[in-house]
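As written, the chains take the letters A, B, C, D, E and F, and residue 1 is the first residue of each chain.
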Amino acid sequence: MSEVSGVSEVSGVSEVSGVRRAVCPGSFDPVTNGHLDVIERASRLYDELVVAVMVNDKKQGMFGLAERIELITVATAGCGNVVVDSFAGLLVDYCRDQQIGTVLKGIRATSDFDYELQMAQMNRELAGVETVFLPTNPEHSYLSSSLVKEVARFGGDVSRFVPAHVQVRLSERVAARGD
Amino acid sequence: MSEVSGVSEVSGVSEVSGVRRAVCPGSFDPVTNGHLDVIERASRLYDELVVAVMVNDKKQGMFGLAERIELITVATAGCGNVVVDSFAGLLVDYCRDQQIGTVLKGIRATSDFDYELQMAQMNRELAGVETVFLPTNPEHSYLSSSLVKEVARFGGDVSRFVPAHVQVRLSERVAARGD
Amino acid sequence: MSEVSGVSEVSGVSEVSGVRRAVCPGSFDPVTNGHLDVIERASRLYDELVVAVMVNDKKQGMFGLAERIELITVATAGCGNVVVDSFAGLLVDYCRDQQIGTVLKGIRATSDFDYELQMAQMNRELAGVETVFLPTNPEHSYLSSSLVKEVARFGGDVSRFVPAHVQVRLSERVAARGD
Amino acid sequence: MSEVSGVSEVSGVSEVSGVRRAVCPGSFDPVTNGHLDVIERASRLYDELVVAVMVNDKKQGMFGLAERIELITVATAGCGNVVVDSFAGLLVDYCRDQQIGTVLKGIRATSDFDYELQMAQMNRELAGVETVFLPTNPEHSYLSSSLVKEVARFGGDVSRFVPAHVQVRLSERVAARGD
Amino acid sequence: MSEVSGVSEVSGVSEVSGVRRAVCPGSFDPVTNGHLDVIERASRLYDELVVAVMVNDKKQGMFGLAERIELITVATAGCGNVVVDSFAGLLVDYCRDQQIGTVLKGIRATSDFDYELQMAQMNRELAGVETVFLPTNPEHSYLSSSLVKEVARFGGDVSRFVPAHVQVRLSERVAARGD
Amino acid sequence: MSEVSGVSEVSGVSEVSGVRRAVCPGSFDPVTNGHLDVIERASRLYDELVVAVMVNDKKQGMFGLAERIELITVATAGCGNVVVDSFAGLLVDYCRDQQIGTVLKGIRATSDFDYELQMAQMNRELAGVETVFLPTNPEHSYLSSSLVKEVARFGGDVSRFVPAHVQVRLSERVAARGD
């Protein structure tokens, strides 16, 4: 499952005429300081930014959908114009339902670029949805959810990579798994 | 399983002295308009072009080998010099058996390039088989079989990405799976 | 001279509270259909899009500043919210003067990405200006002003690469130079 | 499991003041001539080079840990200052335990680079461990353990890609599996 | 001046029906062992291979057009089906004049790829001319005419990088310049 | 002129048996915080690190050779094992004269990598000199001497990009030029 698709659970997003909105899709399993840097900066570029957790029915994550949403919601509480939601199926169907014309993606490195470009072009071809890329702050360029989980699983210190409440949950989850 | 290997089923290919032939290997699960653009353009560069479906005994595809071959055969019926075949094992063994000295690969983007270069160099080292790369038409640069299957699985319109007969099969398959 | 700097001539841009604006900087020597695709799509993502021609005091172009502005102005006449301007010096100084917080850059290929990322990070560090990248339509991915000029100089047909009024000027310029 | 983590079994490495040591981590399943080229050249750049096999508890390889270590040990017998070891968990914990401040990684191609850069930056952030990259000899640039195993599985000749004692084991393993 | 353009001097190439021909364009200032590896391998893939030296009226090289042609001609004397020629203006005009439908380019590394892809797409758009890429032998992947000239200028040994007759000319040229 | 060549002025470097030394070559016109980060980290990896300013007789820089050396010397005064020197001609000749077997290069981004790999392979082929790459700290990944000079020329604040004494010289130079 790639970023053309995910499955919409809660949706409190309503369209207001003349309002500039964008959606920032992702797995966020869990949200990292790299994601939050992009979300906070992007929230200043739009009237409303929807962070949409992609539902992947094929791949079990470390955190369930509700928990991923909760972790992002806590972390973005200070951004008044950020809405957290989820979607399943095609991202472009979600965009059409929510009347959002812009996808915003953080981009870290050259290796991200070709894949993201392919997704962007497919989504534009499918539904005229535009994708804009916002470069990740260089100091977060090496962060990814999977790398953070791996470090946590082996007892490494992830306090500089995720917010405190995410760090607590990571520790609990790792302890519970007994990995 | 990568593109040094696949498992030859049917083989009606016979070598004629002085004839320029190339093989275009792939999974083709299913064939897309991107593949067909490369196949049609490549068929004008050689006297005979063999499209060879790679048999992967480790990975179950959406379509079986016979159906993949059928879908390509229908799609390339208008190209008099295209032969559709399959192979298992090493691509270079297939090339030796068929006396084909050139592998032709479509190439879409920079991210494809390093992997394909590795395969090309291995195949030349193993058996002196040369690989040439033909750039995909930019308007198909974002297409891949896996992305098309994902869009189809969630009910997206794939009519611009695959021929009509492939679209029908994709719809049937998705409906049957009840995904 | 790179895209952190250029030299502001005319400036009819005025800030209105709550208005989302972005600047699309470039040399535009001359504007191509690739640029226009990005400008037209970007103009739908913002309330106002400023196309800002970078003044380069070190490099003589084929077209002077006034003519580059004229060619873009004619080509974007149909976009009500596109303003054409120019700037010299640092792009971030122009952004500060015009109170524009977002730079929008079209991006064509992986090879563009590293350079643009470097510019984006420098401009954010210098003045908190954000850069977002909008992918070029794949069918224009091979277009650049320099390549179009080279084709024109040798008598090639550039009618699919630039608008008609630009094509006329290119022909005149090439004829005048006697290249 | 990536190269921030692996699980230390045997460890005869002892720190001597003023001695320059580096660790070269990897899966080595099995060691190839490409790895050996990097190891031999790197061993001349340091007083002691530790080749550390990463223990991956999630992924079953073709060869077990003890056998991978044995195959490297035989192959590097001629390098007096090469020590073969293994580690599980975080590479930076291994480095701290062994008091090694430098990770040395062979690097083959651009596509390797972004991933390795991410690992390097994470490991420096986690523990101040530095990573240096040594370019693979171009004539080995297409070699990887997985590609060599695939060629061997289908009966291809791998004698130019691995040392003779590794080739023997590959043949035995492939025969035993009956693939 | 890029590889859409160059200026045809001598032309002994004549089209024969059913004959597969390709053109390998370049500056060849001077021809290196990397070029020759590509030319020799490509000459086995086509009935006739035209090596076409691009005339660049804007940039003075180390060797004049006649000398570049001579050096290639001597080096390829053993390939019965290689013709050496030159062209000015657009490569596609040369292809049309010579009735050659295929451009063959050696490709060394990822960084070459994006630029070459742009040229390939422009040339196909301009005149339906196809470009295929043949990967350089890895052991020559670091060679370029400009690097060889720089090494020669400072007295380095270039005997492994160019044929003996080219090495002699390089030495004479460097001595004459008194660099 | 690339990084296979430069022209040795001062040379206080003497070889001591068993001492691990490396040379870090560059233009350093002028030295930036990005260079200094690499130099300081590299100085901990070797017993002695020689920073070697490349003399380029073809390209006039902003600062002369003596001044570049002075600026680096002041900036690295705190690193007891850093020696500043210069070289002309081939880097490998300098390495041979100084009996240094390792070149250390900072590397910022993927786009640097292919070029640096080419230089590394040429230098190893010419003289058996090895090159290792040390990744730049991500927070300096967008810095380059040329970008810093451009920002300074237009009156931008470069205090976060270069040491204070370099900033003073940049200001003087820009004022003197009247740019």
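Definition applied: a residue touches a chain if its C-beta (ideal position, glycine included) is under 8 Å from a C-beta of that chain, and two chains touch if they have at least 3 such contacts.
Treat the numbers as computed from the prediction; the structure is a model and nothing was measured.
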Shared chain contacts [chain C and chain F, defined touch]: A, E
Between chain A and chain E, the fewest steps along chains that touch one another: 2
Selected from D-F, B-E or C-F, interface repeating C-E by over half of its contact pairs: C-F
Same-residue or different-residue interface between chain D and chain F, half as cut-off: same
Magnitude of the superposing rotation for chain B and chain E (Cα, nearest 5°): 180
Most distant chain from chain B by Cα centroid: F
Centroid spacing, where centroids are CA-atom means, of chain D and chain E in whole angstrom: 40
Whole-Å separation of chain centres (CA-atom averages), chain A against chain B: 34
Whole-Å separation of chain centres (CA-atom averages), chain C against chain D: 48
Geometric centre distance via CA averages, chain C-chain A, whole Å: 31
Residues of chain A whose C-beta touches two or more other chains: 109-111, 114, 117, 120-121, 138, 141-142
Inter-chain touch pairs (all): A-B, A-C, A-D, A-F, B-C, B-D, B-E, C-E, C-F, D-E, D-F, E-F
Of all residues in chain C, those that touch chain E in their complex: 109-111, 141-144, 146-147, 150-151, 153-157, 160
Sites on chain C touched by chain F in the complex: 1-2, 4-5, 89-90, 92-93, 111, 114-115, 117-122, 125-126
Chain A to chain F touching residues, read off their complex: 109-111, 138-139, 141-142
Residue ranges of chain A in contact with chain C within the complex: 20, 41, 44-47, 101-102, 104, 107, 110, 113-114, 117, 120-121, 130-135, 138
